[in-house]
Amino acid sequence: MIKPRIVIKLSGSLFNFDTNSVQLNDYIQLIKKISNVYQPVIITGGGKIARFYINLSRSLGMDESGLDLIGIQVSHLNARLLISGLRENCYPLPPRNLEEISVALLSGLVIITGGIYPGQSTNATSALIAERIGATKFYNATDVDGIYDSDPRANPAANKYDKINVQDCVSILKSEKSMAGTYDLMDLISLKVIERSNLPTVVFKSTVDNIEKLVLDNVKMGTEITI
Amino acid sequence: MIKPRIVIKLSGSLFNFDTNSVQLNDYIQLIKKISNVYQPVIITGGGKIARFYINLSRSLGMDESGLDLIGIQVSHLNARLLISGLRENCYPLPPRNLEEISVALLSGLVIITGGIYPGQSTNATSALIAERIGATKFYNATDVDGIYDSDPRANPAANKYDKINVQDCVSILKSEKSMAGTYDLMDLISLKVIERSNLPTVVFKSTVDNIEKLVLDNVKMGTEITI
Amino acid sequence: MIKPRIVIKLSGSLFNFDTNSVQLNDYIQLIKKISNVYQPVIITGGGKIARFYINLSRSLGMDESGLDLIGIQVSHLNARLLISGLRENCYPLPPRNLEEISVALLSGLVIITGGIYPGQSTNATSALIAERIGATKFYNATDVDGIYDSDPRANPAANKYDKINVQDCVSILKSEKSMAGTYDLMDLISLKVIERSNLPTVVFKSTVDNIEKLVLDNVKMGTEITI
Amino acid sequence: MIKPRIVIKLSGSLFNFDTNSVQLNDYIQLIKKISNVYQPVIITGGGKIARFYINLSRSLGMDESGLDLIGIQVSHLNARLLISGLRENCYPLPPRNLEEISVALLSGLVIITGGIYPGQSTNATSALIAERIGATKFYNATDVDGIYDSDPRANPAANKYDKINVQDCVSILKSEKSMAGTYDLMDLISLKVIERSNLPTVVFKSTVDNIEKLVLDNVKMGTEITI
Amino acid sequence: MIKPRIVIKLSGSLFNFDTNSVQLNDYIQLIKKISNVYQPVIITGGGKIARFYINLSRSLGMDESGLDLIGIQVSHLNARLLISGLRENCYPLPPRNLEEISVALLSGLVIITGGIYPGQSTNATSALIAERIGATKFYNATDVDGIYDSDPRANPAANKYDKINVQDCVSILKSEKSMAGTYDLMDLISLKVIERSNLPTVVFKSTVDNIEKLVLDNVKMGTEITI
Amino acid sequence: MIKPRIVIKLSGSLFNFDTNSVQLNDYIQLIKKISNVYQPVIITGGGKIARFYINLSRSLGMDESGLDLIGIQVSHLNARLLISGLRENCYPLPPRNLEEISVALLSGLVIITGGIYPGQSTNATSALIAERIGATKFYNATDVDGIYDSDPRANPAANKYDKINVQDCVSILKSEKSMAGTYDLMDLISLKVIERSNLPTVVFKSTVDNIEKLVLDNVKMGTEITI
C-alpha cells in the first residue's frame, strides 16, 4: 500500500532570476504524475539566487559556514516554488532536517525540501535523505549528461560512462584533473553515502523529459553508479 | 547603562538583484555608529527579490497568506546581509517573533530582523516591535520623503506635512484618493499601534545620510507623526 | 475524499467566568456534526478572561503588543475547552501559527485554535487561516446579527445588509461614525484579506442554532460579504 | 559577582478573578528589592482561574494529564502578570522547562515561571528548579503558616513545628489522617527532592511582609525543613 | 477502526552494556504482533547505561535534576534501539513530551519513547502517558513478578498479591519496611495517577513470553492493581 | 574584552564504559584554566558507547544516516559529562546546530557540544564550528601524534610531518594506501573547510598535558596544517 520512495535532486540551475512559471509548472505536473507511482522526495538546489546572496554576504564579511546557512535558506525558498504548484499533493512545508523528513513522510505526500546541513552539497544531502527514507533509487539531475573519464568541457575526446562502479567514481573524483568537472556531479560525501548504503544512483542531464523517461519509463540514460 | 532603544525600518528597495556591497556597507557602518548611542532594532523589507518569489509562487497557485510567509523569508535573507557586515556588533540571527526579539535584546547588541507576521506590512511589524521593546522612536525610512495631503506623484501641488497628528493621518489614509500614494508609507495597523502606544514616529526618505541626520544629529526631516 | 474546509470564528463572548459545560457542549456536538461534512477550523476568541488578564497586565505596565500575546494565550486556553469535548474528533493541540495549521490539517481532523499573531484581531487571523487552508467559506459568528449601514445600537433606524460588497464594507468601516459599531465585526485587515482572496464570508449572530442553519442547512442569515 | 540564587514559590491563591494590581504590585516591588541581593526564580501557582479551566475541561471530557497541562498554562499566564510589572528587571518570558531555566539564568535577571511538568505540583516543580539552579534556599509561601503535627483545621490542639526533619515530614505526610491538611504544603516528590539535594527549605504563610522578613531580614518564621 | 491503545513500560534492565540484537529482536517481533490488535505506546527505561552516565556526572558535580535529564536522554537512546527494528511499523522518533505523544498517535503507528519529565520515574511517566492517550490498560513490566505484602528478597515468607486495591498499594508503599522492595515497582505518583484515572494496571516480571501472554492471550499473571 | 575563540576537538576515545571521573576531571580543570585566556568551544566525540549503540541499531535494521543521528546523541551525552564538571563556567546545554552555537557564544562562557550533522565526522563539524565562531585556531586532539606520509601502524619507517600544506594533506588522504591511517585524523570535508577559511589547525595526540602545552604554552607539537 505504501508506495516505493525515491529521491530526485533537481539542479539548482532550474532556479534563477528569470525562471518562469511555465518551466516550473512542467516539473510540477511531472512530479504529480510520478506521485501516482512513487512517494518522491524532491531536493531543490540554491542556484543563481543563492550565489547572489552568498557572494554579497561573503563580500560583507560573513564566514563560510554562515554562507552555507544562507544558501540553504535560498534552496528552501526554491522548494516553496514547487510547493506552490503542488498544493494538496505535497507536504505543506520544506522539512528542515532528517528527523522532520521522516515525520513528514508519514503523510504519504510528496516532500519538497532544499539543503539541510552546512558543509554539505545538496548532492550529499540528497544521498543522506535517500538513506534515511529507504529510497529505492537516487535520481541526480545535473547540468551535464553523465560522468566522464575526464572533463568533457576540456577534453572533447572524453568518454561518458554508462555504468561506473562507486569506487572507480571515487578514483576519478580523487584524480586532480577531473576534479573541477565532476565536482558538481558527485562529491566524496555523496559517494561515501551511496557506497555505505548500496544506494542505486543515476546521474543525468536535468530536463523534464529525461526525468520522466528515467523515473516512469525506465529508459537507460546518463551514468548509473553501481556498487 | 542600558542604551535607549530605537526601531529603524529600512525600505525594501535597498534590497534588489543589483544591490552591491558598497551600498550595504554604508548602512552597516552607520548602524555601528548608531549602536554606540542606541540599541537599534533594524527591520529589513523584502524588496524586489521578495516580489519575484511572490509573483512566481502566486502564478503557480500559492494562497495569499502563504505568499506573505514567502515574503517574510526573503526579508530575513535580506536581514542576513546586514548581519554579515555587522558580525560581532549584532545578534547572530534574525529573531522570528516578538518573544524571540525580547530575548535577543538582552544581549545588548543590535538586532536585525525582517517581517514576522503574515497579513502585516513590515511597517506594522516594525511598530509592534517598537511597542514591545519600549522604543523611544520609530524611524520609518521609505521611498518618499514624507506624508502629503494628496498623492505627490499624481498631484504636483501636493503639500508635505512636517508634522501630522496620527488621527489626521488615519483620515488621509481612509480617503479613497490618497490611499495608493500613502499605503506604502503607513498602513492602518501601523497607525493604530502608534496611537495606542504613543509611539513617536518619523517618516522620511531612506538614505544613509538622512538616517544619520535624523537619528544621530537630531535634524528635523520628513514628516513627524504626533499623538 | 478530502472534505471541503471551512473556517468558523466563535465570538469571544462564549468564553467567560460563568461559562458552563452545557453551553460549550452544545457547540461541541454541533462541531462534531459539521465534521461529517466539512473539515472545519474553529477559532476561539479571548473573551472576558482575556480582557481580565489584559487589563491587569496593562495596569502593571505591560506594553500593548505584550498584551496581544497574553490575549492570544487566553484564546488558546479557550480552544482547549473545545478540544476537551471533541477529543478524538479534533487535532489534540491548538496550532500556534499558519505553518502548524497547514500540517495539522493533514490529519483530516477538526482544528481548534485561537489568536495567533499580535496586532491582529481574531477576525483577521481567521481570514488569514481561511486563505491558507483554501476554505470555501468564512463563518464569522459575532455578537450582533449582521452589518448595518450605521451603528444599530446608536441608531434604531439602522438598516442591516443582507449582502454587501467588500468595498462598500470598507467604506462603512472607514466612515468615522460607524466605526465603533462595526469594528468588532470586521476590521480592515480582515476585509483586505477577504478581498485579496475572494473569500466568501458571512457575518451573523453567534448561536448554536444559527451556525447549524448556516453551515449545514444553507439557510441565509446575517450579512453576506460579496466580492 | 554572581548573586546567590533562591527559589520562591508563590501560593496560587494570589491569582484569582478579583486579584488587583495593587496586591500584585506589592509583590513586584518586593521582588525588585530582593533582586538587589539575590537572583530569585519565582514560581507562580495556577489558583482559582486554573481550577475554573480544569473543572470545565474535566466536565467536558479532558483526561487528567491533559488537565495538568491546562493548569500549567494558566500558571504561566499568572507568571506574565508579574513579568508585566517587573519589565526590565526580569527575563521577558516564563521558561517552559528546566533547560530553558538554566539558559534564562545566564541573563542575571529575575526569572518568573509557573508549573512546568504534568503530574507534579508546583511545589515539586519548585524544588526541582531549586536543585537545577543550585539555590541556597527554597521559600515555599503557602496558605497556612507552617507544618503541624496534625491538621490544624481539624484539630485546634495541633502543634506547629519550628523545625522538622525531612524524614519526619515524610512520615507525617504518609500518616493517613494528616494527609489532607498537609498535602498542599509539601508533597512526597518535593520532599524526596529536598532530601536528595539537601535543599534548605522553609514553609510559611504567603504575605509580602513574611517573604520580606524571611528573605531579606533573616527572621525565623513558619517551619524549616532540615535534612 | 482506531485500535485500542495500551501502554507497556519495559524494564530498564533490558538495556545494558551487553544487550544484544537477538534479545531486542524478540521484543521487536512481539511489538509488531501486538500492533495488529492494539496501538501500543512503549516506554523504555534507562537501565545500566543511564546509571553509568548518572553516576559519572554526579561525581563530577551535576545537580540531581540535571541527572534526571541525562537519564531521560539515555532512555531515548534505548527507545531508538527498538525504533531501529520496528522501522515502518513505528513512529520514527521518540516523542519528548505528552503533547508530542498525542500528535504522534495520530499516525496510527506504534510509539516508542523513554522518560520525559525530570523528578519522575519512568513508571510515573508511563502512567501519565496512559492517561493522556486513553489507554485501556497499563502493562508495567518489571524485574520482580508482582507486588508482595513485604519485601520478597528479605522475607522468604512474603506473599504475592494477585490483585491489590490501589489504596492498599499506597499503604504498603508508605510502610517503611516494604519501601525499598516495592519502590521500583510502583511509586506514589504512578499510584496517584492510576487512582485518579481508574487506570487498569498490571505489574509483572518482564519477559517476552509474559508480555505476550498478558497482552495477547489475556492470561492472568503478576499483580493486578484495582481501583 | 572579548577573549579570542578557539575550537578543541576531543578524541572520542576519552569516552568509554570505563571512563572515570578522575580522567574527566583533569580535562575539566584544564578547560577552566584555558577559559581564563580563551573562549573555547569543546567538541566531544562519541567513542565506544556510540559505537555500541550504532552497531546494535545497525544489526536491528536502522539506516546509516539514522545511525549518524544516534552517534550524535551519544556525543551529546559525553558533552554533558564535561558540563557536569564545568558547571557555572560553561553554557548549560550542548548546542544542537551552528545557529544555537552562535547564540550560546554570546554568554562568554565555555561551550561544550558533540556532533551536530549526520554524514559528517566530528572533525568536519569542529572545523565548521571553528569557521562559524571565527576561531583563531582549531586544535584537533586525536589518537595518533600527527599526520604521517604513510600509515605509521603499517609502516614503521613512516615519517611524521611537523607542518603540512592543506593541499598536500588532501593528496595523502586521496592516495589509497594512507587512507585508512589518516581517515580518523582529518577527512576531506574538514580539509575543505580548513582550506576555504584559512583555518590554522594542529593535529596531535590527545592528552591533558599536550592540550595544555599547545594551547597555553604555545609549544610546537603534532602536525600543523598550513594554508
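Just so it is clear, A, B, C, D, E and F label the chains in written order, and each chain counts residues from 1 on its own.
Assume a residue touches a chain if its C-beta (ideal position, glycine included) is under 8 Å from a C-beta of that chain, and two chains touch if they have at least 3 such contacts.
Everything numeric in this text was worked out from a predicted model, so none of it was measured.
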### Task
Any chance you could name the chains that touch chain B and chain F both?
A, D
## Note on the structure
Most remote chain w.r.t. Chain D, using mean C-alpha positions, is A
### Message
Using mean CA coordinates as chain centres, what's the gap between chain C and chain E in Å?
### Response
43
### Query
Using the average of all C-alpha atoms in each chain as its centre, how far is it in Å between chain E and chain F?
37
### Query
Where the centres are mean C-alpha positions, what is the separation of chain C from chain F, in Å?
54
### Query
Residue numbers in chain A touching 2 or more other chains?
66, 87, 99, 134
### Message
Applying that definition of touch, give me each pair of chains that meets it.
### Response
A-B, A-C, A-E, A-F, B-C, B-D, B-F, C-D, C-E, D-E, D-F, E-F
### Message
Residue numbers of chain B touching chain A in their complex, please.
### Response
17, 19-21, 24-25, 28, 49, 52-53, 56-62, 66, 70, 73-74, 76-77, 80-81, 83-85, 87
### Query
So in the complex, which bits of chain C are touching chain B?
63-66, 68-69, 98-99, 117-120, 124-125, 127-129, 131-132, 134, 174, 188-189, 193, 196-197
### Task
Would you pull the chain E residues touching chain C in the complex into a rising list?
2, 99, 102-103, 105-106, 134
### Query
chain F touches which residues of chain B in the complex?
87-88, 91-93, 107, 109
